[in-house]
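For clarity, chains are labelled A, B, C and D in written order, and residue numbers in each chain start from 1.
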């Protein structure tokens, strides 16, 4: 499959980039600063199937430029880009201290960026015989999450609306849209860390990226007759979920 | 009570502006183009309790300017501003035909505008002994709404996240946040049209603004010990709700 | 209007029974043990509009007998009956200690009882020109409520399904179905206690029954073109909602 | 892993029974009428890892007897039992035609049966180092599903409440509870039918059991630090999801 991941250079995006390339897929990773390409002759096969595209989705032109860099047909688009407030997920977070500029930028990246990128890439996706759009949501996008981050939370709720309305508009064309409501991720441990080690780090309060990869792989194995519309994947000890 | 309504010049906003002034409250209506003040000596008492503020929430400075025009303390803030796609709710709607600019503007008004306005007005609201924030949501902000309008739907889902996270952050200060998921409104018939007439117009497929006013009035009558967090108010014949 | 309330003898049911009779409606209260009728000549007018029907909804015959005692046509049916586990809402609650018999009885009353009563009374309701069914749900019927009471929670979630499917089946006949997700109620203070006093008792952690009455009254004032499908009414200081 | 499946003899249950045994797990299948054990010497290895227990969950004694037949420790419990109305999912369905007895039986099997079975089996599950409870829900258990089957819908909503409250009560003991909201299943094609063939049969309106197996397998591969709380798996052409 041809898979594009927006927000691919670090953390979960990088893990999906690597794991799905190892499965034999061709990957297109989009990031503001793509990792420096390894040019060693010993580069693994799967790394040769990773292509990197540089784009800053907060730039108004980015989406249309990205579409030009995109292959004619795309099987899977994973929108994994998301930023949060500087003090988010810490006791220092305070809505009233957020600058107008920071709020604006968060919405621009998390929501407007997603809308524009998807609008420009969707024609490529619809050329696939089995088009799939996967959105990295958050448990902050669900009611009673207990989280006070206003702009982040609003933008993650918005992804659900984006998913819902896109399905409605493109069901007839067979578009599968999946929203993954993820809890706190363990982004310290990359795929090369053993799962068991990664699982132990957060004492059950953070999710190894390996686990998200497992789930995404299973989504891509589904037949052309079904799809996952939404799933909630929290840490096992998440006190809210 | 001192009540500010953002998006107050027409339709539902205007009905709330009039109905709540008639109840004896002091109203601050915010609109891009406030209605021309009636200067007739026969002006009703309740009209004297309506104040108008001119503001264009898509302007980056609007929120902070609005806060300056806002009275020191506010009991109720109603965010009723929302735009939709040109072709929304018609068979002509097509996501791929939306311009980047139109998408951007919709998110700016419906979500960024709401975030900034609320951030700047919240300190005024928190000075009330019983602060209430009411958001005009939409059934398009709920799952399985059957609506394909992507940017509109996403922005209405986002309001739920805004409501949820604000409650989390300001529960201790007693902030009531209510999200009203409204179905299709009958905006043709203003409050001076009899309810029965307004109810008959849409043959059960549109909601008289009178009904929304009834509900908002009941919210404002609740004691200081409870609040409506969310409610869904569809037309009786809405095929989805 | 002709209004039947199932679970009418105490707490919220009694408050609705009294408040709605005071508004001029004719009330039919259903309870296992109806309150002794006051036979004083000084009985208020509104008390004369209260009729009591004795029924134990956990009895298999109750629903069909209730339908026989029901007036030919009913405008509003309020299903307010609900029991919970002996130790519910206390630190002593433990799922594994629940007896099979207690679990079975809870489901029989809260769900099977509701299903059977509604099935037998629905033809009466559908004879009204504006039929309304109101279900007393609970915040325990919503995701992430934080409550561990298994059978109670399951039965309250079930009410949402009951509401949803009934709407689907009887939309064409104009049936309004409303599910009220109520938080913790202050059932100590009846309607004759001033609202302010009732609101202060729980320090914002319990809802005066007066507030629920306010909301139900507003539901009954809505035109024939709209209805409240669902609303969430928590206490203002509810740490989860 | 030791896995018990309640409702294991046919359709999805049977597919999980076979697929998970083929993965090397030990399976305990519970059914009213277990399939006749193949006694051929050529029986596959994985069939030897399938054990069958006969139980009728609508029988009040069934749950406690089942617990006696259950191995001391259980890693996964899959509750897959569910019945529906005789005329469900057909144009003939009519709530008012349902007999009291049929409604009662549906609730007894789908909800009371689940509650009792889980209560009696939970101690076995909690002896596992990584206990997992998986519930076969339905898209009929979600709002706006468009389905009119009242008792079935209510019972499937109830499963969500069961899942939610159990998580709350047993989070500290590491219990993962997953509710799978499945759309219409293709139960004609068992696992031995090729996926492609099974996917084509329903023209995108029914889900091959293979796909559900894929998802369940991925759930069982997750580390001890995360779990799927809920997922929605509709057919790709499901007009509602």
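Note that a contact is a pair of C-beta atoms (placed from the backbone, for glycine too) under 8 Å apart; a residue touches a chain by one contact, two chains touch by 3 or more.
Since this is a predicted model, take the numbers as computed values, not measurements.
Path length between chain A and chain C in the touching-chain graph (shortest route): 1.
Listing every chain that touches chain C and chain D alike gives A, B.
Distance from chain B peaks, on a Cα-centroid basis, for D. A separation of 30 Å divides the Cα centre of chain A from that of chain D.
Rounded to whole angstrom, the centroid-to-centroid distance between chain B and chain D, based on C-alpha atoms, equals 44 Å. Annotation for chain D: residues touching 2 or more other chains are 143-146, 241. Contact residues on chain D toward chain C in their complex (touch as defined above): 60, 63-64, 94-96, 98, 100, 103-104, 107, 111-112, 115-116, 119, 122-123, 140-141, 143-162, 164-166, 168-169. Residues 167, 171, 174, 176, 183, 186, 195-196, 198-200, 202, 204-208, 210-211, 214-215, 217-218, 221-237, 239, 241 of chain A are the ones touching chain D in the complex. Touching chain D in their complex are the following residues of chain B: 142-146, 240-241.
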